[in-house]
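Each of the two complexes below includes subunit A, the first together with subunit B, the second together with subunit C.
Right after this comes the complex of A and B.
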């Protein structure tokens, strides 16, 4: 349990990342480690399958991978009508990676931090999507891609025109620019905050449940965990679908 | 809840992951899926074609069977016809042969009869002659009465 004593201390302890450095150059080692580790798992699994992929009868691993790939591919084909070698793999990566981040939530809240403390690590936050840096890293990368594709497809002038002349025509140029800027900035912010908020709140509830007497814990912990299976998948799915939608909007020429 | 350099680290990781997926994961899996799709559709097409072929072959076999039946019926009827003809012919021939044999037998009988008559006549005449000779003995000169004798012989015939 807590080293500082009391419920508040316990909660704060659980939500404090293991970090090094000062100011902006602080690094959350736990976020970096777990996301990279999960990314490694993702790559390992899919790379193995991709290497052995046959058009014959698929094995279990290939079946799982193919189900995911087809699921993502369908989503991409449904909302994105252009041709892009990037969007589908990007969506697959986002979906799987975010799903794995979120799934860390299902581990008992004290398990990994306890192991960590045995190894001398004072703090540990195991769910990368409860770190704003993690979710914003994804959403800002997506934002850059939106920016890049908007300019690539519409040209610099086309993009400038879209930013200044819609939705109210050239006469309202400064107002249009303000509106569009807010609209574009709202995309990564809402994308990142939505995922962070859901998972942070979820993790917080798990921590609160862990503070209850042991007999009551399963009564609340079990339903919340079951509910979280849905949240985990749903949030990964929403992140992916919105990415596809934003990128297809970027490809659309008005 | 501070935004810090972790963000940059995460973005680098993310970029690497996306790049890797794009380059090494997505294409082979999609290729395998596509290949399987074509294989399945080809298989289905082949199955359909096979079924069609079976239908065609069945049809052909039926028509062949029908033809063979017709042919065999034809052959049987022709053979029957020929057999009837043969029987008829042989009957005719037998009849003719019989008639011929009968004719020949009749002719032979006729001839035998003639022959017998002739020989009988000769014998009777010679018998009569001998009887007359016996009766008359030396009174009759053969040379002198030859004429009478032959007339008598003629009358016997």
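Right after this comes the complex of A and C.
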């Protein structure tokens, strides 16, 4: 990274992750820390609410938790046509975790990196979903789940038959295999890149707004922040719904 | 000066590429959203009691429409601010 000054230097500084190691084994410490921290918050919140749940008049925390659980449950009931005790908790985790990742983008751009630089960390990117490693970690995990459940429900022979004999008959096996492989690979790639692209663009617009003179910033920053609230929720919701739909397809057993 | 003209060349082509990526993505998304919204409004006018369900499905499809465009935006922004082609030139020449 060259030492350009001014606007480009500011932008590039804000796009550089805090990493150790090199090449394949580069670890983005900021992504790891924030995703683990937010996951811990999620677990802590639901654990506390579940322990203190009352059948009387619920408090605010219980209300929020119940709304979330009911919302995810409705989605799973609508889209998932198999039997699995894993899907609903998985969907809840994905929705809440991705939503929390995205919501980190609503903090002021310089706030946490400034605190970090006071503690000696030169770079910091606080939104795990703007890191390809973060989004692909989730989507590759979903891909493994799809693969695992496909084999579990259809059996190895059934899975092989599906990969080689659809959509055209058994006579066009190599072509079918190619088509199905591309289709299956497109699922995790598009899942990961969709979330990454949306959030990366959002974060970059915030950084660009931060470069404007302070008088003008609220004029552009406020509408973009309000629009971004929609994008955050929508992207988390879409990730969850697509996970449910892909796993439902994997559970299909004709 | 040779290096400067090389870098200017790469940057010029990158800018054109970014413009094409963003422009074509915007056209696709705009047309797609227009069709989607139009169909949704038609369906809502025919059967208003289905509006909540249709709205949820509309948002799902909106997210799918946005996907490749956003991938393109992410790629274009990466080309603008962290251009790998530029660093290739710089590593060979510098």
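What we mean here is this: the second predicted complex is superposed on the first by the 249 of 254 C-alpha atoms of A that agree within 3 Å, B and C clash if a C-alpha of one lies under 4 Å from a C-alpha of the other, contacts with A are read in each partner's own complex, and residues count from 1 in each chain.
Heads up, the rule we're going with is that contacts are C-beta pairs under 8 Å (C-beta built on N, C-alpha and C of every residue); 3 or more make two chains touch, one makes a residue touch a chain.
Bear in mind that the values here come from a model prediction, so they are computed numbers and not experimental data.
Novice: Once the shared chain is lined up, is A:125 touching subunit B (first), subunit C (second), both, or neither of them?
Specialist: After superposition on chain A, A:125 lies in contact with neither partner.
Novice: In the overlay, work out which of subunit B or subunit C sits against more residues of subunit A.
Specialist: More residues of subunit A are touched by B.
Novice: Contact-wise, after the overlay, does A:228 reach subunit B, subunit C, both or neither (first, second, both, neither)?
Specialist: Neither: A:228 stays clear of subunit B and subunit C.
Novice: Applying the touch criterion given at the start, work out whether A:190 contacts subunit B, subunit C, both or neither, answering first, second, both or neither.
Specialist: So A:190 only meets subunit C here.
Novice: Using the superposition on chain A described above, determine whether A:24 touches subunit B (first), subunit C (second), both, or neither.
Specialist: A:24 sits against subunit B, while subunit C stays out of touch.
Novice: Of the partners subunit B and subunit C, which touch A:65 in the superposed model: first, second, both, neither?
Specialist: first
Novice: Using the superposition on chain A described above, determine whether A:251 touches subunit B (first), subunit C (second), both, or neither.
Specialist: Touch status of A:251: no partner.
Novice: For subunit A, which residues belong to both interfaces, subunit B and subunit C?
Specialist: None.
Novice: Can you name the residues of subunit C that touch subunit A in the complex?
Specialist: 59-60, 62-64, 66-75, 77-78, 81-82, 90
Novice: Using the touch definition from the top, list the residues of subunit B that touch subunit A in their complex.
Specialist: Counting only subunit B, the residues touching subunit A are 1-11, 13-18, 20-22, 24-33, 35-36, 39.
Novice: In their complex, what parts of subunit A are in touch with subunit C?
Specialist: 2, 8, 11-12, 15, 190, 193-194, 196-198, 200-201, 204, 234-235, 237-238, 241
Novice: Hey, which residues of subunit A end up touching subunit B in the complex?
Specialist: Subunit A residues touching subunit B: 19, 21, 23-28, 31-32, 35-36, 39, 42-43, 46-47, 49-51, 53-56, 58, 62, 65-66, 69-70, 73, 85-86, 88-90, 92-93, 97, 128, 131-134, 136-138, 140-141.
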